[in-house]
Amino acid sequence: MSTREDGRADNELRPIKFTRGFTSHPAGSVLVEFGNTRVMCTASVTEGVPSWRRGSGLGWLTAEYSMLPAATHERNKRESVRGKIGGRTHEISRLVGRSLRACIDLAALGENTVAIDCDVLQADGGTRTAAITGAYVALADAVTWLGAAGKLNDPQPLSCVIAAISVGVVDGRVRLDLPYEEDSRAEVDMNVVATDAGTLVEVQGTGEGATFPRRTLDAMLDVATAGIEQLVEAQREALAAPYPGVLPAASK
Amino acid sequence: MSTREDGRADNELRPIKFTRGFTSHPAGSVLVEFGNTRVMCTASVTEGVPSWRRGSGLGWLTAEYSMLPAATHERNKRESVRGKIGGRTHEISRLVGRSLRACIDLAALGENTVAIDCDVLQADGGTRTAAITGAYVALADAVTWLGAAGKLNDPQPLSCVIAAISVGVVDGRVRLDLPYEEDSRAEVDMNVVATDAGTLVEVQGTGEGATFPRRTLDAMLDVATAGIEQLVEAQREALAAPYPGVLPAASK
Amino acid sequence: MSTREDGRADNELRPIKFTRGFTSHPAGSVLVEFGNTRVMCTASVTEGVPSWRRGSGLGWLTAEYSMLPAATHERNKRESVRGKIGGRTHEISRLVGRSLRACIDLAALGENTVAIDCDVLQADGGTRTAAITGAYVALADAVTWLGAAGKLNDPQPLSCVIAAISVGVVDGRVRLDLPYEEDSRAEVDMNVVATDAGTLVEVQGTGEGATFPRRTLDAMLDVATAGIEQLVEAQREALAAPYPGVLPAASK
Amino acid sequence: MSTREDGRADNELRPIKFTRGFTSHPAGSVLVEFGNTRVMCTASVTEGVPSWRRGSGLGWLTAEYSMLPAATHERNKRESVRGKIGGRTHEISRLVGRSLRACIDLAALGENTVAIDCDVLQADGGTRTAAITGAYVALADAVTWLGAAGKLNDPQPLSCVIAAISVGVVDGRVRLDLPYEEDSRAEVDMNVVATDAGTLVEVQGTGEGATFPRRTLDAMLDVATAGIEQLVEAQREALAAPYPGVLPAASK
Amino acid sequence: MSTREDGRADNELRPIKFTRGFTSHPAGSVLVEFGNTRVMCTASVTEGVPSWRRGSGLGWLTAEYSMLPAATHERNKRESVRGKIGGRTHEISRLVGRSLRACIDLAALGENTVAIDCDVLQADGGTRTAAITGAYVALADAVTWLGAAGKLNDPQPLSCVIAAISVGVVDGRVRLDLPYEEDSRAEVDMNVVATDAGTLVEVQGTGEGATFPRRTLDAMLDVATAGIEQLVEAQREALAAPYPGVLPAASK
Amino acid sequence: MSTREDGRADNELRPIKFTRGFTSHPAGSVLVEFGNTRVMCTASVTEGVPSWRRGSGLGWLTAEYSMLPAATHERNKRESVRGKIGGRTHEISRLVGRSLRACIDLAALGENTVAIDCDVLQADGGTRTAAITGAYVALADAVTWLGAAGKLNDPQPLSCVIAAISVGVVDGRVRLDLPYEEDSRAEVDMNVVATDAGTLVEVQGTGEGATFPRRTLDAMLDVATAGIEQLVEAQREALAAPYPGVLPAASK
């Protein structure tokens, strides 16, 4: 029977780890690890919202994803040095933002902005799904911080938990949480973002130089959904410990 | 019974129209219309391939999507004037390129590049799906041109037909081919790219400020798949007429 | 006797055609054709004026010219992708704006801006003169729209008709309205912008790798002036039909 | 009788001065003064030509025009800091290059490039015409330098002298060589580039918020042509003195 | 007696820590900590050198410094999003590169490039000196890697150890290794880069809104020099352990 | 005994010259010459301060340094054409600004900005030190202008004189004011900015591919300090003459 290079079963996640309070300036700061993929996810709170939203009474959440130059096998050129952001970076930044906005009541934030930053320290496949999953934990900490600071109109603005996982067809088999070695030769590649209730937030499936029948889509969704359940459990476990830094005194 | 503003049934496409030979310089040039959405899709052939591909013997296909400033209800600022391409433009350009590369045998092209340009003249929802569907027709014409010019290693490099359609949940109902008025208030929004064989190339579903159960995904895929069958028929019908311009004499 | 490749007399225009209401979102939208040169000219109305003009009570008119990538014989690179606008584009955009500002009373607009966009769908010489000539028609429609919307301080803010034509010396002969084939080998090249009253707005004559005597300038102006009279007639004829879309109800 | 603020007759040039050898690194370096307008014009020689011209055996000439930030009454922002070149700068750079290419036999240069730089130290109207007139003198010095270095295929590659002047309608009168005070309120503004033989290289006339009859164009050309004759005389006088620096020993 | 907020003596370093093998793709990867300042320093090896150096037989070393958005108290905007690199980033990147090039024999590298990346994860003053000090350790690891890969012309291309420290005048007292709280109100601020032999590589002293006598410079140098001795000891201790990853088999 | 190519003693300055009133639009305009190095330094006054400083009642001083393309032996590419400012330009602009802010009481300016521009017309080493030294003279003239215009809260906002000089180790000897020929092969290179009172503003010493002992630093500082004394004398002498232009009438 064909097995995966790292010994995992086809539907098995890599070891998942969250380090809350990874840095101390932002309201939420989490190092998330999906195997060798490591992403620093922070949630910074700033007063005010973008100009097109001012006066609405609603808050906002933005997200930026970036890869450090030495995160990949071959060093990649820094986008600030190139002077422009690549298409892939743009696409993932937008995905992270959309995904997290699905779980937060922006009215509860008042006119404050939460800026999510996902910086990949080490890449080994699945950086976007690790980023979303880790960013949720950072966001949960930022919400605790906002509550302590008396800046929330509603004590619990998070309506659900958000997690994401990759799934693909490799060597003709549906496999969960692809590392770089599998991702680079997958025939089909899918990223699924979902909630703790099992509802979907975003589904992106792509044939890589191939097309795929709908039953493959179904099989991939089955595996992804089960993986997300486990991720949500790991997120909840990580968030069970108290806030990892010093909370502000209420100022409102 | 709730009906759509334009009188269509929920699973009905808008009127679809292809004008081949819309302009005469590129090898393929098609004006595609999905209702009031009008996109000029061209396929230009240039000798040579990007530097990272040189010497491989393989061809390449790139795609760029863009919105003319006056295409939308409110004039949008020109990206060349801003000095950078927005995230949405990047994302759609990449999607169009990936989708069309799924149907073409790049080895058959030799070291030639086909550059697809999709410029939206008028936007009324579904511009990316119209772009992909029209670009396929332009690509088919460019392939005919390449064949006449004796530049193909294989007489039929297109392995399938590619079409794309949007589907969403509006007013709680699954609806096909959303115009702007529906798209802007859809609860769930999905774009499906598929082949004439019914296999999937790309599936992108997004909850807009909401999450959705898997059965909604299934219902949307059912409707989209049926829509794509009709699009493929329309593409075939459009391509039944002879090449709309002057073909080159073989030079190889 | 030497004749032109397309059979025209030296002082003859190519077939001229205006399609008003070419698209439906902007207040004015015209497809202009000078032979095979086809330019989509739109006039969009937005409230407000640039910051340096605010509080003056005066309106403003801006113009942007651009070439679609596949408009030329060889595909040209998209300026948004290069990240900067080329010198030629800048120069023509400025020319279009200056030319149209010569015919409009900006005080009559109040603090509103008309944004002219000239996007070349197919280029065969004379794109800038077609752009100016077509943009005048789009502007006239936008003025009708503004009047219907009750946004004009003066019911007729257009003081004259503006048209433009190219003229050059090819094969030693002064010729009107050069197509690409002639333009690319012209010894002298001139663009003339003038009014229905025969007065001049802009004259730009250039020796292409050659210099020219003043009597050549005079001969070129004679031919251009006669050509502009015919263009003005065609513009008037096109504008004789009613406004091609739905006019707004007055809101002022 | 209405006279000009600086006491000149309507058809009189401002004091013209050329300082050759203004700086010592470039092959040609001239400070040109048209009254208070002062432009540093340099002609630098570099081996090789742009890639699109390689292997042709022909040389090339490029030109760049720029305004120092403190050259104008109000300091203007540096284009390098803005990160892009404005439309006016682009337009003038192209004009300077085209004008000087009209007098030089590029075949005589071999595959060498002459880069003209015109940097305005102080602006008081007519900077583009001073730039062209001064750049010709710098180019003549660079040609002497190239000859001494044995790099010319033909000992005299300059076929004519090039000079340029502005002319306009101010207070209803046709006036030559407008300073800023007149230029800013001119009704019509024209720049003429011509040769010592009286033939024209470039004519650019613009109505500033007004249109003008053809007889005004004729009157302006009369005055400009006479002015250019005087400029050519001043250029010849300046070039009568020997090369102002150290010439290279022939190396070919 | 006035003491420092964190209880240190004026000439005392913050706790210094090096984590080698912090990530696994680059040849050298070190997390350096100066108190709460944490910088990820990597040294990546690529074949080839910049074009201006090709054919010289010499290697090259470049360096880039960057601050993650959430590294500071207030989130700072990402330079890739702004589209340009700020002056401070440029300045520090150049300083890091110059400093490390002082210790390495570029001829020994052959035509290979070492790219140093210093990404600040958390900033609390002294980020540039921590970056240099940590980058030396990453460089030493990369040199070990290069040696194992058989890519060195000389087995020991490092001629000295490089370390750097900040020193300043705060509250009228000369203090070593300033945290943000002291740095932001220092009257004089100096960065010293030196070797294990006590010789200087770079000295940059600045009065912040004040000037300072030469005896202050001398006092600051005394304190800095002693601090650097301790840093060098810490670097040596960190490097005493074996290479933290898998070394390549020699390939030359 | 080894002497310098230009015959100077090791501790001797090149001929220093200041031409005040070099151009007439800015409040201060000085051409400074250190031997063949020539920099045009202007100080322009504008109302208002950057947004982050508004409402503070304090003024601001900014500085920009730039090299004209033909200032160097080999023409260098214009930064406006590249679309970005290089690291060296950034670094020197920041140094000039910091240095001059050390001598001016920004409260005395009210909410006005002085913009310093240093444009190198000809480069022969020491451009940054010439820029600072010349810019001080331009600033002094701008302060006189501000006083005459009644815009100063304090009649004498300059607390000291600022000058700068380079010093280096060439051929094993400490030498003052290095021309390009020496600078390009110096083993150590230092720039010192100091006041007429002998206190230091900025010290930047760099080993160029070498390190240097502290006694070399001391010897360089001795030589630099003596040089600065002479520069200050030359600045005072230049400023002894009256303001070189027309002063404004007080308007406050």
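Note that the chains take the letters A, B, C, D, E and F in the order they are written out, and that residue 1 is the start of every chain.
Quick note on the criterion: a residue touches a chain if its C-beta (ideal position, glycine included) is under 8 Å from a C-beta of that chain, and two chains touch if they have at least 3 such contacts.
For each chain, UniProt lists the protein as follows: A, B, C, D, E, F = Ribonuclease PH.
Just so it is clear, the model here is predicted, and its values are computed rather than measured.
Listed by label, the chains touching chain D (Ribonuclease PH) and chain F (Ribonuclease PH) alike form an empty list.
Steps from chain A (Ribonuclease PH) to chain C (Ribonuclease PH), minimised over paths through touching chains, total 2.
On residue numbers, the D-F interface is repeated by B-C, which shares over half of its contact pairs, out of the options B-C, C-D or A-B.
Each chain gets a centre from the mean of its Cα atoms; for chain A (Ribonuclease PH) and chain E (Ribonuclease PH), those two points are 32 Å apart.
Chain centres here are Cα means. That of chain A (Ribonuclease PH) falls 50 Å from that of chain F (Ribonuclease PH). Rounded to whole angstrom units, the spacing between the C-alpha centres of chain B (Ribonuclease PH) and chain F (Ribonuclease PH) is 59. Counting only residues that touch two or more partner chains, chain E (Ribonuclease PH) has 83-85. The chains touch one another in a closed ring; read from chain E (Ribonuclease PH) in the direction of chain F (Ribonuclease PH), their sequence is E, F, D, C, B, A. By the touch rule above, chain C (Ribonuclease PH) contacts chain B (Ribonuclease PH) in their complex via residues 23-26, 29, 36, 38, 40, 42, 44, 46, 64, 66, 68-75, 78-85, 89, 115, 117, 119, 121-123. Only residues 84-88, 90-91, 93-94, 98, 101-102, 160, 194-195, 197-207, 209-214, 217, 221, 225 of chain A (Ribonuclease PH) touch chain B (Ribonuclease PH) when the two sit together in their complex.
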